[in-house]
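One chain, subunit A, links the two complexes that follow: it is found with subunit B in the first and with subunit C in the second.
Take a look at the complex of A and B:
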């Protein structure tokens, strides 16, 4: 293919240098576009960006906050990455995260105050993973048995999960609602034994769990027999069938693991910074941002970790912008720009673009020679 | 008689000089010269990837050349689209037909015709179709819908479309690939008839016999370059082959017919449904013996795919039995059958036989990864993958493998060698191969045929399901002909001829031999 003097050739396989460089350039390009936008709206881009960096990494406290924000994003990022790699379009990370939060808070509240931490903490965290997986199974089972479109089912289940969470706390007197909240309805705090210990300002052990999940996902896909089968199915379902791999079972297991990772994100929020199922702090689109994280990480579970931290930093810097009269929605816009540039960057990873040497005429048919 | 010759006899119909066309930096046509006279059938001969289709697409206005001159009937032209070319009188029948299946033949003729306005006169179209059909030996019902037609009839519609547009130069891209030998003979008559009226026909093929049979002149392409052109009558098959391949062509063949060994694969009254739930294999029975190649001939789409699926376990048979070495495997799944010794080379290399995005190491382990040494417990042993790959690459001369890169970057021949290497390096008693040399160049065809013959020599029962008669005639010890899902005849290697197989393939029950 060629466009004017530019020649586009497929690369075959891109070098590591290119695969690392292109996402960095994507982020950089998004920042340039963002700077243009800021300048046009009468702000000094330099000031805004330095303020954002300061808010995200300027002090030990802000570093801690950035990692707190990154924890759920790493998990929803892993959830999207492993599913998409297998061509399972689970965009229900949002709903699975909320279901994870509902299950985790429910487990904590059910166990009550008397349970020792060694039982309560694993129970709360695992309940979240189970909740996410169960919620995913509502889409996974019909997909495997009947071939329903999981994009639609997972998307719609997001809204059901959101409304269920709101109902449990804002719309009813369920056990999830704090009976002591007099003013505005709030989630009931889970017992201290079910909480993750903090160790660095507000940062708790959840970050280690998230990173460990990313590493385990990478290991499972890359180094195990199960992962090999998953990779074959993701590459060509017909080839997998030919090789005697039970395709529906693989799709099912990937779908459920994806849901479990997203559910875990909800559980870590409940057991960590929030301490309760707080609808306002959970309805932030973390599941959707996870899709951006996975795309930027090129569906590599290990790369999800640094990308998750980057996105966490962006999220975290939003409120700081309001102190200099810049709308915090600027951050959302930047995230969108980064995604667009990342997707565009895929083109440059897959293809090499070269300028044609000017000596070769671009005319298609010469009519001079005999 | 017919109307006057379509072009000016004094000038060349086409005169192309120095045509260059590159894709992604690879030259598909490298300074190609081509000339065509009015009133001749001109064959364009070359192997796959020699640049035939690219040159045709340039002629038909689909591609614009990067460089070169293009004279049509003495005048320089630059077509911007196939529409331009067709308006000037150059039309092409592509390998994949461009017809609207839900419209009638007559309606397809009208599509895109400049003379057809808002109102379509069905009656005039039908009359035109009937007249042209009768005149050129292209009978087809103008009111039939295209999807109801056989492949051969659809091809006639494509040619009628061009004639209805008054095309003076007709380019036919591998037209015989989808035809039985009898249908091909009919098409050749039509081509000769068109040439006798002064039209020019470009016949693209890599089948030497057909080129020799029908053409006046031959232009040979190799690796994107023109090797030369010859008057067909002056050239021997062997000369054409040498021009096409660049060396003397020697394809391995069976040699002596094997004395039949013990039966290893017994198929009885096998019934398998097609994709739409209609029975596609209707009670097929045969034995494959140790050390023999049993060929299954037939025009594509007569149940070959479902037969293979039924035997390897990709589709559960709706009736009948599949017995391997005395064990009934009719109820077993793909994995079990593969373990018991059914090796399978599917028709689609990258669509089924290999995982295109995975590495060669991974692909060579696709059947064995579950067992040690490739797996220790649930963990993969990358080292074992690599060792096996290194050994097979060496033993089967698989070229172009680069570590860590997806296998789809290999050439077709090397893909097929890798696929066969994997299948025959496992425990196996029978090898089912579907069109194993389809789309391969001569060198790779040679290698694949050798592998199949080596399997036969080693005592494997080989079931060769192929649409390529030359291949079946060269390799198979005996052949069954499949027509509409049933076996319509059995022919031994000694009594097999292309003509006899062709009749059977067209559904004529075997009354010749009995």
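Take a look at the complex of A and C:
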């Protein structure tokens, strides 16, 4: 194919070098674009970027905060990665995370103070995963039974979950609202027995759960028969059907697991740093950032871990920018730019672009025939 | 009579609905070309901030509107390039645009001295007519009491509807969205048609954003448009890809946004958060009931929506 003066040909299987280089170049290009905008608005990009690195990794406390920020992103990243792998466009990670937080806080509050940690902690964490999966099922069931496009339904469910969370704490006197908060409505703290222990400043065991989920997801998708079938469905639903794979059941299971992973992210926030369902701390776009993580990790659950840490570092560096009079929105802008370049980069992983036509004469003949 | 709850609610609904009319219309035109652009929120926000900035600097409202439309079109060109030329995932590309646009808008709003954030607009769109027919009962405020951009939105809806269903160019556009291979065979430049309409869609989203910052709440704050861009995507389905239906769907939405206040004046207390859910619930129900399986085609969903076109793979 020709695009202007460029000749484009499919690459077939891309080399490891290319698949690593393209995401790295995406990040680099986004930083260049960011530097351009910073320079245009009278900031020194170098100062801004060094400040960001310092805020994200400069001290043991900032490393801890970066990993705290990374924990939910690894999980929403895994959620997007496994779904997108199968062409299940679950863009409802946001809502599933919030629903996970609602369920987790609800479980903690329902169990109350007397429950031992051995019961309370797993209950809180698992309730979050169940909440996320249930919320995903609202889109998954119509998709599987009726063929309803899940893009819009998952997207809309994000805003329903957001309003539900706000209603439970800010708009009503539900059990989720702290009855002792007289000044301003707040989430009711869950019992201490439901909280994840901290071990490195504010970093808690949640990071291990997140990494473990990423490893399990990688194993499931890459190393099991189930995962193989999922990948076949992702490549071609027709091929899968001919191979005797029950496609609807595969879609259902992937969809629900994706929702559970995002729900788990919400649960780990409630059981970890937040200790309650706090609307002001949960409305951060973690589900959407998970899509960036998954895309940059090229839907590989293991790669989601380092990319999640990178995005966590970016998120963590935002507030520090305000101290040098640079808007924290710089971070969102950079993340969006990274995703733009990462998704465009998929083209260069799938295709080889040359200035001259391919050297082999037969290829030219085929092109003319096409 | 013009102080009645009905008139006040309907008037507010038109105001709140207008930015969504522009954005929904833009997305309808985009999707009619077979391209799904989920980046409406980003394009609206960038339109809102650049339009505000241009008016803030020059005191010229028209310039603000033009700049907002150009900014929206420029942002949508990124999506057009990714989805039409590079043929990568439209879904992820659109979300990238939404995130980038949100970040960019808040970035622009908080840089420079003085920063735009917290500033009122230097000029604002005011009602075109005051007194006279604008005071007539009911039709006065509802028909004659609006600012210029509301009338522009009605005009754009009428033009878009005529263009889509009664012109050759509109037929070509729909052909490109339905069956690009046949359109291509008939001599239509699919790529060009798609680029143009994606960018027109972006311009309309930018205009919708500017309505927030120059007319509805003439000032700049972080994230001033709520979830309007996402709502517009839902309304395309509720409007079944038709401009006139988009107008009324957007006003219905505007009314829902106003309902909270209306209920208060009637002495009924309905939690704002639960009311805010209604549009999204409606969109999901409509999605499931109206568009599942083959029914989506009957409703008017372009057959090639979201599918990149490659001449070699036809």
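Simple rule for what comes next: the second predicted complex is superposed on the first by the 348 of 370 C-alpha atoms of A that agree within 3 Å, B and C clash if a C-alpha of one lies under 4 Å from a C-alpha of the other, contacts with A are read in each partner's own complex, and residues count from 1 in each chain.
Just so it is clear, contacts are C-beta pairs under 8 Å (C-beta built on N, C-alpha and C of every residue); 3 or more make two chains touch, one makes a residue touch a chain.
Bear in mind that the values here come from a model prediction, so they are computed numbers and not experimental data.
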Which of subunit B and subunit C A:153 touches, first, second, both or neither: second
Which superposed partner A:174 touches (first subunit B, second subunit C, both, neither): neither
Touching partner for A:50 - first (subunit B), second (subunit C), both, neither: neither
Which of subunit B and subunit C A:343 touches, first, second, both or neither: second
Residue contacts with subunit A in the superposition, subunit B compared against subunit C: C
Contacts of A:59 with subunit B and subunit C, given as first, second, both or neither: neither
Which of subunit B and subunit C A:335 touches, first, second, both or neither: second
Which of subunit B and subunit C A:231 touches, first, second, both or neither: first
Contacts of A:243 with subunit B and subunit C, given as first, second, both or neither: first
Touching both subunit C and subunit B, counted on subunit A across the two superposed complexes: 1, 370
Contact set on subunit B toward subunit A in their complex: 17-18, 24-25, 64-70, 76-78, 314, 333-336, 338, 344, 346, 348, 350-358, 362, 366-367, 369-370, 375, 378-380, 382, 404-406, 409
Interface residues, subunit A side, partner subunit B - complex: 1, 7, 9-10, 12-13, 223-228, 231-232, 235-236, 238-244, 360-361, 364-370
Sites on subunit C touched by subunit A in the complex: 36, 38, 42, 78, 81-82, 85-89, 91-93, 95-112, 222, 227, 230, 233-234, 237, 271-274, 276-277, 280-281, 283-284, 287-288, 291-293, 296, 310-312
Footprint of subunit C on subunit A - complex, ascending: 1, 3, 37, 41-43, 84, 89, 91, 138, 142, 146-149, 151-153, 155-160, 163-164, 166-167, 170-172, 285, 288-289, 291-292, 295, 326-327, 329-337, 339-340, 342-344, 346-347, 370
